[in-house]
Structures are given as C-alpha cells and as structure tokens.
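If you scroll down you'll find the structure; I have some questions about it.
Order of writing sets the chain letters: A, B, C and D. Residues in each chain are counted from 1.
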C-alpha cells in the first residue's frame, strides 16, 4: 500500500526524521493560508502516488499566498501524468504546501528489502535527485548500501560509515545517522516495503531535511497497523485493479484483447507469454490466487469481461487446491451474468479436470477446450 | 533417489484441524506419506482421521512421534511463530505453505534460523514431493507426478504442476519436485536445491522454473556455472510482461537490470543451461536433454 | 537498583500485566482512604526492598478503613526485619493498600538472566508462594524454564507450552502467555536484571493477577532510563554502602575488625579469604575498582575507617591500570584526614610498586609492608 | 606456544584517542605488540604516537592494515556498537575491556555473534597476553609475566595478576594468560579457553581462577572431566564471603547451590583438578603440578 508524500512525512517526523515545515491543503484558500504561515513563499506539490511529479508540472514554487492558491486550484481536481503513473495518470485531491529553502547538496536515501540478502538494506548516494537508477547502472560505486540486521536493526557505526562515504561534513554525521536509524525503525515497526527520501537535502544552513518522501507498506502486514491501513487512497489505483484487490484477485490491465484468467502468478505469466508468442495480445494479467471458490472465479471472469477491449477469453486452470469443476462452475456462472459473451478457450488440468471439462461442455457455452499450452495458444489465435 | 523427503519422512502438520490443514493432511496421507502427528494448540489428545495423534505443541509432537518434517498451514499472522516453534523443536525441515506472511516476519525468521539446524521451505510455496518414495509434503496434485530422475525446482505453484504435467506426459519421471515459493524473502533458495540435486546420485537432470523480478535466478546461474555437473534446463516466465507501475527507485536500484527476463535468460545460458524457449516446451526440452 | 512493590506493579501494569487494584499510602489517613475506595477491606503491605515481609509482619489484612489506618500507622516509620533484609532491617516509609481476593491457585513466575545460557530465562512453577528455592532444590522438575531469545523475545508458542505444563485451565492460556510476554518486554525494554511475581495468583473468579512483584534494574543501564533512575530509594540501602556506591566503590559491611581495601573484586575476595584463613575477621569487602585515582583511594580508606569496628587495616593493591604510587598517596592522604589511625598492613605489587612502597615509607605512617599474601595475613594476625 | 594472540597478532585499538585507550595502546606497543591501527570516529587520518594510523571505522582500518585483533576501550553506552562494528569487519578476535556494559547489550551482542566468525573476550576483562610472543592485548602489567608452559584463565582482573605474579616468582612461565571477565553475560568462557589450552601443544598445564556465583566453574569442571588431558590447578575465591543481601529468588533458582564456593571446589576436585587451597598457594600448587 502506497502512502502520499504528506502521510509519509508525517510518519517519518513521528520517528524523529527532520522534514521541512509543511501543511496539507485541499483548496486554494487552504493553500494560501499555508503559504502565509510559511512567510508567503512556498512550494506547492500535487499529492499523487507516483514520482516524477516535478517534470510533469506537479511541483511549483509560489512567490505569494495568492500564487499558492492559484497553483493549488489548478492542480486539485486535475489528473497528473508522470513517468511513473502510466498514461492514465493519477487524480490530484490534495496538495502539500511546504517551505522553500536554499539547497546546498542533494542526496538519495532509501530503505527496501533485498530478497537476496533476506533483509532490509539502506541505499544511499551522494548523487541525489531523479536519476538514481541511471547512477546505479552506470556508476554503481556511487550507490552505497548498508544491510540492516532484521533483529538488531541499523547500528550507529553503519550510520557513521555511510556519512563518511557520502562525504557529509563532520557536524552532519550524528544527525544523518539518527535520520537513517529513524527510517529503519519506521520501516521495521510499520512493516514498510520501501521508504525513499529523494532528495535528502543539506540546506545552506547546514540542516539535513527529507525534501520528498515515499513510503509503501506491506499489504500483508496491515492487520497489525489499523491506523496506517486507514491511510489508503483508493482513488490513486486503477478502479478495476482496486476492485480486484479487494476480492483478493491480482489483476493488471494491459492493452491487448485476449482476456486471461489463470490460477497462480507463475502460470498466469506463462499464459501471457504463450499468448504473445502466438502473436496475440493479452488484455490483462489475472491471477485468481490459491484456494479460490466458485464465487471468486465468477467475480474474476466478470472483472475480466468488464474490460470492453476483451474480444476472446482464455481460462487456464491447473487444479491443485482449486478443483477444476469448481472453476468451471464459476466460469459458467459468470458467463450467465455477463452482458456479453466473447468466445472462450479453456484449458483444465490437475484435480478434477475431467469433471471441469464436463461442466463446461454441458453448459452450452461457446467454449473451445485445449489440452496443452500450444493448443490453447493456437486456439486463441484463430 | 531424492532430496529432503523420502521413505524416512515422518510428517507432522501444524494447523491440522484447520480447513486447509485437514484437507491437505488427508491428501498427503492418501498419497502415501507417513503422517505421524498433527499440532493444534488446545486440541492435544484428539486424533486426526481416527488414527493420527494431535498435540498441543510441536515439541510434544516431535518427542512423542519422532516427526522430522513439519508442514505448516497456520494463518499468516501466526506463521512466523509456527516456524519458530518447529525450529525450537529442532525439526530438520519446516515447509510453510501459508500465503501472505509479512515480509518482516520472514526476514526475522530467516535471521533467527541462521546457524540453527532447521531448514525452511517457503513461505507461500506449494511444498515438495518425492514420487518414488510416495512422500508428498505439500498441496500439489499428487496424481500428475511419476517417479524418475529429473529434479524440478520452481518459484511458482501451479506453473510447477504445468512443468511436472508436461514431464510426466512425455514419460519423464521426477526424483523430487520442490516449490521454493515466490515471496521476496524465503527460506530455501534455488541455489540450496540445486546443490542438493547436484549431490543426489539419483537425480540425473534438473528443470528449473524462474520468473522475472529479483536476482535469485542470477545467483542460481552463478552456482550452476561453478558447481553443477548435471544438465539443467531453465525456463523464465514473464518474458512478455510489461513493466509494472511502481513508486520510487529503491527496488530497481537493488536489482538493477537483473530483474528482467532477458537478463536472467542470458545469465542461465552463459552458465551452460538449456534455456526453455516457451512455457509449452518444458517437457520436450527436458526429454531432449535426457536423450 | 531495586524497585518497591508499588513501583514494580505500576511498571508491569504499564506493559499490560494484570495487577490487583491498589493505592500507595504514606500515612494512616491515606491508607484509610485507599481502603474505602477498595470497599473497606484491604491488604496493607509495607514497602521495603526485600521479600519475606509476610512472615515478618509487614503484610496485614484490614477489615475496615479504620483498621487499615491503624496498620499503616504502625508500619510507617518502623523498621522491618525479614529473612532477606539482614539484621539491620529496612525502614518503612510507604505502604501499599490493595484489594483482597479469593485465591484459587498460587504460581511462581520470574524472569532473570542466565549467564550460562547468555540470555534471559522465564522461570515458572505451579508451586507458588515462598518456598520456590526449596522446590528448585528438592523437586527441580517442578520448576519450568523457557529461555528468551535476546533478539526475538519470548514467543507465543512458549507461553502456550508453559501454560500447558503448569496445568492452567485452557481459558487462561492466552492471558498467561500475554502476561509472560509483558514481563519479558518490560525486562528487555527497561534493562531489568530480575522480575519476580510471587505469587502469581489465579483467583476464584478465574483471573490471573500479579499479587506481589519485585523488580531489579541494571545499574549499568540506568543512563538510558532516566525516569526509572529517579525511582531509587536510597533509604533502603546501608548508608555506608550507598555512599560507596555513589563514589563507584563496591563496599559490603561485615562484622569483623580488619578493614580491607583492595583493587579488583576477585583480589578483594581472595584477600578476605586469606584474612579469615589466618584466623582474623574482615570488617568489610571493599573493591575500589579499576582505574581509581588518588582521591578515590582516599575516599575508600576514609569509608573503611568510618566503621568504628575497624581495628587494623589491610591495603592490598596489584597495580595495573592503577599505579601503586597513586594508591599509596591516596592512603597517606586519607590517614592524614582520618580522626583515628589504626595500624596498617600494606601490600603493593605491579605497576610502580617500588614507588608506592617508598611513598608509604616516607609518610611516617605506622605501615607494615608485606610482599606476599602469606606475609600480609601473618602481619594482620599479629 | 600460545592461544589466540601470538607473533601474527596485528592489533587494532577501538577508542585509541581516549584516556584509557591511548594509555594502554602505548603500553601494549611498549611490550612489543604489533599495534597496526587505531579507530576513533572523526579522527581518521591522524596518527597515534606519530606512527600508528588512525581510522574513522573498523572496516577501513581492517582493510588498510590487516588488523586481526581489536582491543576495545569505548565507554559503556557505545561498547555494544563497537563490538558489532568489529564483527561487521570480521575481526577474528574482539577484546572488550569496558566495564559497566549493560547486561542486555552483552546478551544481544552474544546472540548476534552466534555463527559469526568473531570471538569476543569480555566485556569487563583485563584482556590476554602471550609473553613468549611479546603480544599483550589488555591492561595487565606486562612486566610480571614470563614465557613458559602454563596457561592461565581467570574470571578476575587483579587476581589474575596475583596468580601470574606467584607463578613468575617461582620461575613458572606462562603460555598465554586470559582474563575472561566477571560480567554475568560474556563472550569467551572457561570452557572455550580450556579447550584451546588443551589443543595447544606448548601449554603443558593450566591454572584456572574462579569465583563464587554463577555456574561457569561447574561447566568448566564438566569439560575438564570429559576432555582435558593436561593437569589443571583451580582456585575458587570467595570461600569465606557471607551471602549477600538480595531480593527475590530468581537468581538462586537458576544457579541453585552451584554458586557456592564449596560446590564449585567439589565439582573441580571430582573432575580431577588440583584444588588450590588458598589464594596464597597458586604458584606453589602450579609448580608442584609441573614437577
């Protein structure tokens, strides 16, 4: 689950990480008030779940409260398209109004879990700003990492080492170390999957400040963080994907015309690969997950069909926990409810495969059966 | 003729009275696995299917029955505790099926297990099966497997069944099939399983099923290049997946380009693997490799 | 550092451990008020840093607020002598007034650090009450232990296992497990060296309650617990020992007449052993610690001499960090300031031993030098 | 002809610019120890005594100088971090002199070090010395030592000097003298050191100095009975100490009677040790044992 910048900064500040003075505004008037509190001049930042806002016009400096109001009004209610939002963009409902400052240096700092090391790592670079991925590719030695022991946490000596390697002035060693420790504690205690401060700035006054902040939380751990679970802004997600997520279905909309419904993420990816290798284009990735029942299958199919681009459907079920006859009944149920019934190719293997095929055969649906992945691909291409 | 589970396996199921736990415990038993105990706190003294004793704790169960593999079906909030309980009882192999375990819990558990005698498989994995020993410790459909000499290791669940289905369909049996699970932090890795297959005299070839994301396949490739003397056929799925929407750069900075299917396939090819061109070719590639 | 029962219960309650309703009282009137809030009947418990209060008359049941006042008045200002206080007893300044209850079972529960396992252990027994040490000696199988991993803490499965082995009713498994977890968290987060709940009672109403609670905190960790450091009640300590502790000197008053001053705890114990083997009796154990300066040595000698029983003094210094000449100057300084000057036997070895002996020789003190432990013992006996 | 420190020792001092750190670093060097580096954060680039380079971090120091032993003099609140930093740099031996380290910190550090390549000696210990190799890594007065064949291990500081003084006075030299420290939770134990002396071809006899309290001497006795083939003389001090005032029963329940001097002496005697009757007899007992 992604947090907005203003939520992320509030959370980090609660852990003692320094952030610039800021106020959230939902209207031009609120933005003007905020700018006034900040002394007139302020930065106005669109709150969306994506980076790349600056280049997309989502971050602007206002010289006066009036200008802040103007910028806020132009942003709020608009849809911001950045490199990270995709072409659909993300709706802006709030802006963050923040004090301006003279920036001496921009650094990059993040915490994320490294599957290979099986623990969080702190990633830092003296090359802050937007291009960190490029730095990582072209000058990997400029990207510093410190693994964080999952049980004893980030240690002071690591903070000192990192500060020295970043070339921070001696006076900033302790504040920097404390800031990284705060991020690591927040990461641990809130079950984050990513905390990113980019840029982390050293101001002309010698102050370290988190100028931007992104936080993603582990959806699987929200059960122990009810307060944070309440921070979800569903408006930032694709509506179909949000609906799917609520039903426990992994769904990603794509731009093809072959609707796919599969059980298991790996098999779903394999199915997409097969469709594309056959020269067709998947309309979506859809993993109905383990242990789905008839109703969930039905919902998944209806979800898939609600995309108007879908012209054919491919159901690929390898029965394990999920029995093929259950899956088949779900498909039949959904086709009964749907307002349109694109031709269907179905492949069923594993637990109760024969029963599943039988259910489909007797349903009267226009369903073509396939036994192998090749056959399924060929059938979908026809 | 197998790794990790075999005729000596004495299976314990943690969460045996739950819906999934009881269903799969019964299936494992039906396949032929020696199910010796179940654990559900508060239900000690009862029996499962009229003959398998249920205990309140893993240590009691292990003491009483000599269980040496634990299959875990407890809900996500309690999965970490269940794994730690298995480790505390020094069960050599804990297989955690549970999906949705918080990443932090997995990282904590794995750190705790360092230097301990317990190996974890999973979480969020289908388990493992040795068809020749009638030992099924997981949720895979038993009927698609056949005894043989190909070791299968995979990050995926149903895609592993697909792979096995293709193999069995072409008459290619399996020594052991291991699903290592797809979570970002998990116990047993490709490298661990490859090392065991490499040392297993009855495994003659290996099929490895990887996915986009992370760097686990590259680590496997490096290990294969350095150590594996048996033929390996490898598939990477997600070759045609579009880049997902994401926020921030941290993940990309950790894995770099390694997360891409093309990079993984290149690494495996350079390591001497036969790269399986499409998911439809798993069986055929393996059969050709054995011929 | 030891806490009073009322402080310990407040701390445990803050961690969610259930304690009976109670009020602290410093006077009869306050005790009567407290009893009134509890419905009239109450237990009145003297607050001293020691166990064994019940047998010593420090815990009494009052049937009415008036009786509570009476008991409180008789206890407050008195000195309570229990098996754990030693013959000097401990002064009572406060009483705890607590609700009475019907007790079904008494259990024993504690957390302490086991040096062999290098981690805290939870100790529990179904045989609660006073005689736990005897149980441990005679029926060790009745004393259950669960080691607590120093980094991941006490786990729920351990709580369940312990509850089952204690034979607690199923309904108490979760509350018991939560109580032990609370104790372990308090132990960890507050740097305790001991938490003991004895008895932990199961009431007739099926409630688990910490009926008594003792907590000791790690003096070495008080720097990170300023709030708890303020809970110290120096009146409970021997005044000389308290003075010594403040100066960083380990001093324990004994009942002999040979004052001993030694550097290092092991050598100090060895010195006491030697004195006793020679047929004399040490007046104290005194370890001046590592790295003492002249002033600290002088304070240590003055402390030793402030015990009127001291008739001879034995100084045994093995110079390491501490130089013998520094030690000697400290001794000379103290003898100069002291109002009485018992005969002195001094042994100096190690760093600057010759210089040290020279300082003493030139000081004009009645100091007999010894080279070996035997010589020192013989000299002290003369 | 020694254990743990020898001619190969390349010493690093953490906290080298502090009062105690600089004093003892100089003494170690004067004794002949090969002091290769110091660490004080923020003072990297300076030198100690005009020739020993100072670094900001242990990893830098280890990389630059190949230091393989670290002697730690940082104040108690920072001691745990200093040990972890040495472990992070994979220094094989960390010797923590610091007195007053919170017990929780020591327990955390020791749990962390499980399975790691770093051995900790201390905290709250005098360090260790191998006179024959002119390697002094600690705060003991170097001059009282003499090269020889008796290994000394002790929980105490100055009492160790007393023991060594008696030995040297009687012409009995030492292979290595190790002070394991007196804190309730510490790194290297009697058993660890006894095992190393037992395997050291140049150690012919062992002197062990114990104290009342805890059960460490009983563990040593059990190890001696089972494994040690060399003569061991053992002293327990505190034989005449009165029971201290205490609160509660937990400590007594953990150690039982084992904390008493009489129990420790009985255990050591039963394990085949020569029990040294009084602290004045350390040298004589050792000399008799060698004769």
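One rule holds in what follows: a contact is a pair of C-beta atoms (placed from the backbone, for glycine too) under 8 Å apart; a residue touches a chain by one contact, two chains touch by 3 or more.
Given the structure is predicted, the values throughout are model-derived calculations rather than measurements.
In terms of C-beta pairs in contact, the better-connected of the chain pairs A-C and C-D is C-D. For the pair chain B and chain D, the distance between mean C-alpha positions equals 46 Å. Taking each chain's centre as the mean of its C-alpha atoms, chain A lies 55 Å from chain C.
Distance between chain centres (mean CA atoms), chain A to chain B: 28 Å.
For chain C, the set of residues that touch two or more other chains comprises 149, 151-152. Under the contact definition stated at the top, the residues of chain B that touch 2 or more other chains are 108, 112. If each chain is drawn as a node and touching chains are joined, the picture has every node linked to every other. Residues 2, 49-51, 84-86, 108, 110-116, 118-121, 123, 132-133, 136-137, 140, 143, 149-151, 188, 191, 193-196, 198, 214, 216, 218, 220-221, 223-224, 252, 254, 262-267, 269-274, 276-277, 282, 285, 289-291, 318-321, 349-351, 372-374, 377 of chain C are the ones touching chain D in the complex. Residues of chain D touching chain B in their complex: 114-115. Residues 149, 151-152, 155-158, 160-161, 164, 170, 173 of chain A touch chain D in their complex. In the complex of the two chains, the chain A residues touching chain C come out as 151-152. The touching residues of chain D, when paired with chain C in their complex, are 20, 23-24, 76-77, 99-108, 110-112, 126, 139-141, 144, 154-162, 165-166, 182, 184-186, 209, 211-212, 214-216, 219, 237-242, 244-254, 256-257, 278-280.
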